[in-house]
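So, here come the structures, one by one.
Two complexes come next, and they have one chain in common, subunit A, joined by subunit B in the first and subunit C in the second.
Here is the complex of A and B:
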């Protein structure tokens, strides 16, 4: 494989709601929930934000970091389960807003929380085949959890954008390999015209998240003949704070390898954005030569695993755009009623 | 707003594309067809304005325009962009008492409105205080 990451960018909305604030409404014990999910607060999109605006801000940060002419981007794929339109691509809005139009291909992807990494794989294929110089893949969501559903504590908003190009001096990380593991597992779904997803409760754990994440990680380690000790960092999809640490422990990764890319405790589950924001957070602090494992998970279900080695260009590029920590620390809290209005749970 | 009218203005609304006169170097936003200084000898070309500026004046809107009712009270400001032109834009992600004259702002991409529940969504620029 001769491809690399040329640029990346993230965006996380400013507003936050604390677990205490949600638990108060539903008469639940916030400490039990915070302990159980390992989540303290989650990001909330402003009333004028949606998946398209989040994707655009992340894409602009990625272009800034890459320092490339957006006209050289040959593909934009936006992965999300909360595209603003049922029919009309988010990707064309992003393409226009970063001035990449009109000589490119664009499409929206959907695979629960892993549509963004599916986009990265598509870009890797297209760049490797020589179809285009650069491809951009975005994972972004404004996730919805039904009022009172356990998902309401974690369903958050945010996104990450990655620009894939040939592996050369301008790549800040080299992609060593990718491996996917996919089965038909109905652990979480949303039917047509329905506002909120449904899920299988505990069924979302062992047969869904853990089976796919661990199988994809094992598959990639076998393929590349690596062990967990060969990696400096490991990023797993993070529906809550607990699952990625459990999966890591089962695979033989330490907490220290996982924590730099674990953002859910502070921002919630940003769905398609989650593993990409985790990877961005690792790149924000990694040194050249560090090896990073990324494993996404999308309900339905599947996982994409990637192995990357950080390169010298990271030092020059990383300060060109806001880092994950900048967005995590820029916040304003809202109460449940404001949250309900912002999320259109209250409509006059 | 008719869809074609919005669509025609997408370059300005998404990316602050205005015009600059190649004769006197003045920058205009929104774009002009004729340079107000040079008239016939003006040479207008598309120009992308830098997405930074400062608040010249502002007001807090309590009785909103249609489509903005759920955002009251919100701040509407006159912002002088670094390139010179002044725009009127909502200052988003802030409370009504968080804006002051002279505040530095950056341009962000936000949802501006929608044609009811079935129509198109409008996107464009708003301002956000530089943190």
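Here is the complex of A and C:
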């Protein structure tokens, strides 16, 4: 494999709601939820933000970091489970906004929370095959959780964009390999025309998240003949704070390897954005030579695992756009009624 | 009437068996029981299966035929028996009567429930159909609420404490840790029970038995033929069954189950065994208060002292009368239709001396107590070593 990451960018809306504020409405014990889910607060999109605007912001940051001419981008894939349109792609909106049109291909992907990494794999294939110089993959969501559902404590908004190119002097990380693990496992789903997803409760854990994340990670480690000790960082899909740490422990990764890429406690679960924002957070602080494992998870169900080695270009590129920590720290709290209005639970 | 013996037992692992289907579970438990009895399936004459509600849990009725078919036992008579959470115990009793009467020789008594294919809220609703729909469920009561009323009244009348109830859960989890088939292999503390989220106070989450998939199977034979299969046949010394009003509010007492007392009386009388002779018991601890009431109803302690004797360790392994050595419904899990059969399987293993780390030393007489709903049905069996 001779591809690398040329640029990356994220976006997280500035509004936050605390677990306490949601728990108060439903008569739940906030401490218990915070302990159980390891989540403190989640991001809330403003009324004029959606997956398209989030994807555009992340894409602009990625282009800034990459320092490339957007006209050289040959593909834009946007993975999300909250595309604003059922028919008509988000990817074309992004392409137009970053001035990558018209000589490119574009499409929207859907695979629950892992559509973004599926886009990265597609870009890797296209770049490796020589079909294009650069491909951009985005994972972004304004996640839905029904009022009163446990999902409401975590369903957040945010996105990450990654530009894939040949592995040369411009790449800030070299992709060493990727491995996917996919089955038909109905742990979480949303039917057409339904506003909120349904899920199988405890079934979303062991037979879904853990089975796929751990199998994909094992598969990649075996393929590349690595052990957890060969990695400086490990990023796992993070529907809550607890699952990634539990998966890491089962695989033999330490908390120290995981925490730099674990954002859920502060921003909630950004669904398609989650593992990509985690990876961006790691790149924001990694040194050349560091090896990073990324494992996404999408319900339904599947995981994509990647191994990357950070390269010298990171030092020069990372300050060209806002970092994850900048977005995490730029925040304004809303109460539940404002949240309800922003999320269109209240409509006049 | 002929004496009846159990010559084989088999269980699946209890828990969230997401990758095992209803029929696979039953076949697994059945195959283990046949193997344990060293009997060929061709020799089986009839089958009784306890199952509360496959219709609601997996939308499959007519499971008597389904199981006979997939077990390769057609064309023998196969009958489903339903009495809510006592379905397994009732199936065992029907099988015992069939062998005792001389109608059949080798009879399978099985129990099964597949409960985790639906969401827990739906499972709670399915279970609640075992209460009085018009007078209990329509006004909002589910089983935790009904048992909470019993607990409150027991606390009021006898000074039973939430700590004492928690001790039932702690003991049963401890026992479950020693049972490879049990759903939970986690130790809990009185403190963690008290701090667990409220379900219907005074019952907290860890006062309640879980939602479980599981199947269990025992094989019965006439006592005179049992020795051909095993050196340690376990005799069914007595069986008793009784009914009461389905709704809690129609009963004279909230702190004792009349059906359980009557069923016990019948089984004690049939066996000539008294409560003091019993070495261990598996009782229906669907909620912790239910075990306290059960040991009182069965005569293991004075009325009102169930909490106290639990606190004093009398019901622990090594105590005066070990209760729920398997982990009980709380620790082993409660696949409702399978529970009554699983209780019998535990007693058989104990009386044979094959219960491993949870073995009650020198156990010769054991009892099972299986309750349907909040006490509308109860069935009690007494077993003793037949060698």
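Simple rule for what comes next: the second predicted complex is superposed on the first by the 348 of 348 C-alpha atoms of A that agree within 3 Å, B and C clash if a C-alpha of one lies under 4 Å from a C-alpha of the other, contacts with A are read in each partner's own complex, and residues count from 1 in each chain.
By definition in this document, a residue touches a chain if its C-beta (ideal position, glycine included) is under 8 Å from a C-beta of that chain, and two chains touch if they have at least 3 such contacts.
None of the values given here were measured: they were computed from a predicted structure.
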Q. Given the superposition on subunit A, are subunit B and subunit C in a clash or a fit?
A. fit
Q. Is A:49 touching the first partner subunit B, the second partner subunit C, both, or neither of them?
A. first
Q: Would you sort A:84 into first (subunit B), second (subunit C), both or neither based on which partner it touches?
A: first
**Q.** Partner chain(s) touched by A:186 [first = subunit B, second = subunit C, both, neither]
**A.** neither
(Q) Touch test for A:32: subunit B only (first), subunit C only (second), both, or neither? (A) second
Q. When both complexes are superposed, which of subunit B and subunit C contacts more residues belonging to subunit A?
A. B
(Q) Which partner chains sit in contact with A:203 here, subunit B, subunit C, both or neither? Use first/second/both/neither. (A) second
Q.
To be precise, I mean the smallest distance between any C-alpha of subunit B and any C-alpha of subunit C in the superposed model; what is it in Å?
A. 33
Q: Could you please specify the touching residues of subunit A with respect to subunit B in the complex?
A: 14-15, 46-50, 52-53, 56-57, 60, 84-85, 93, 96-97, 99, 330, 332, 341, 348
Q. Of all residues in subunit C, which touch subunit A in the complex?
A. 16, 18-19, 116, 119-120, 197
(Q) Under the definition above, what is the set of subunit A residues touching subunit C in their complex? (A) 29, 32, 200-203, 206-207
Q) Which part of subunit B faces subunit A closely enough to touch in the complex? A) 10, 14-15, 69-71, 92-93, 108-112, 121, 123, 126, 131
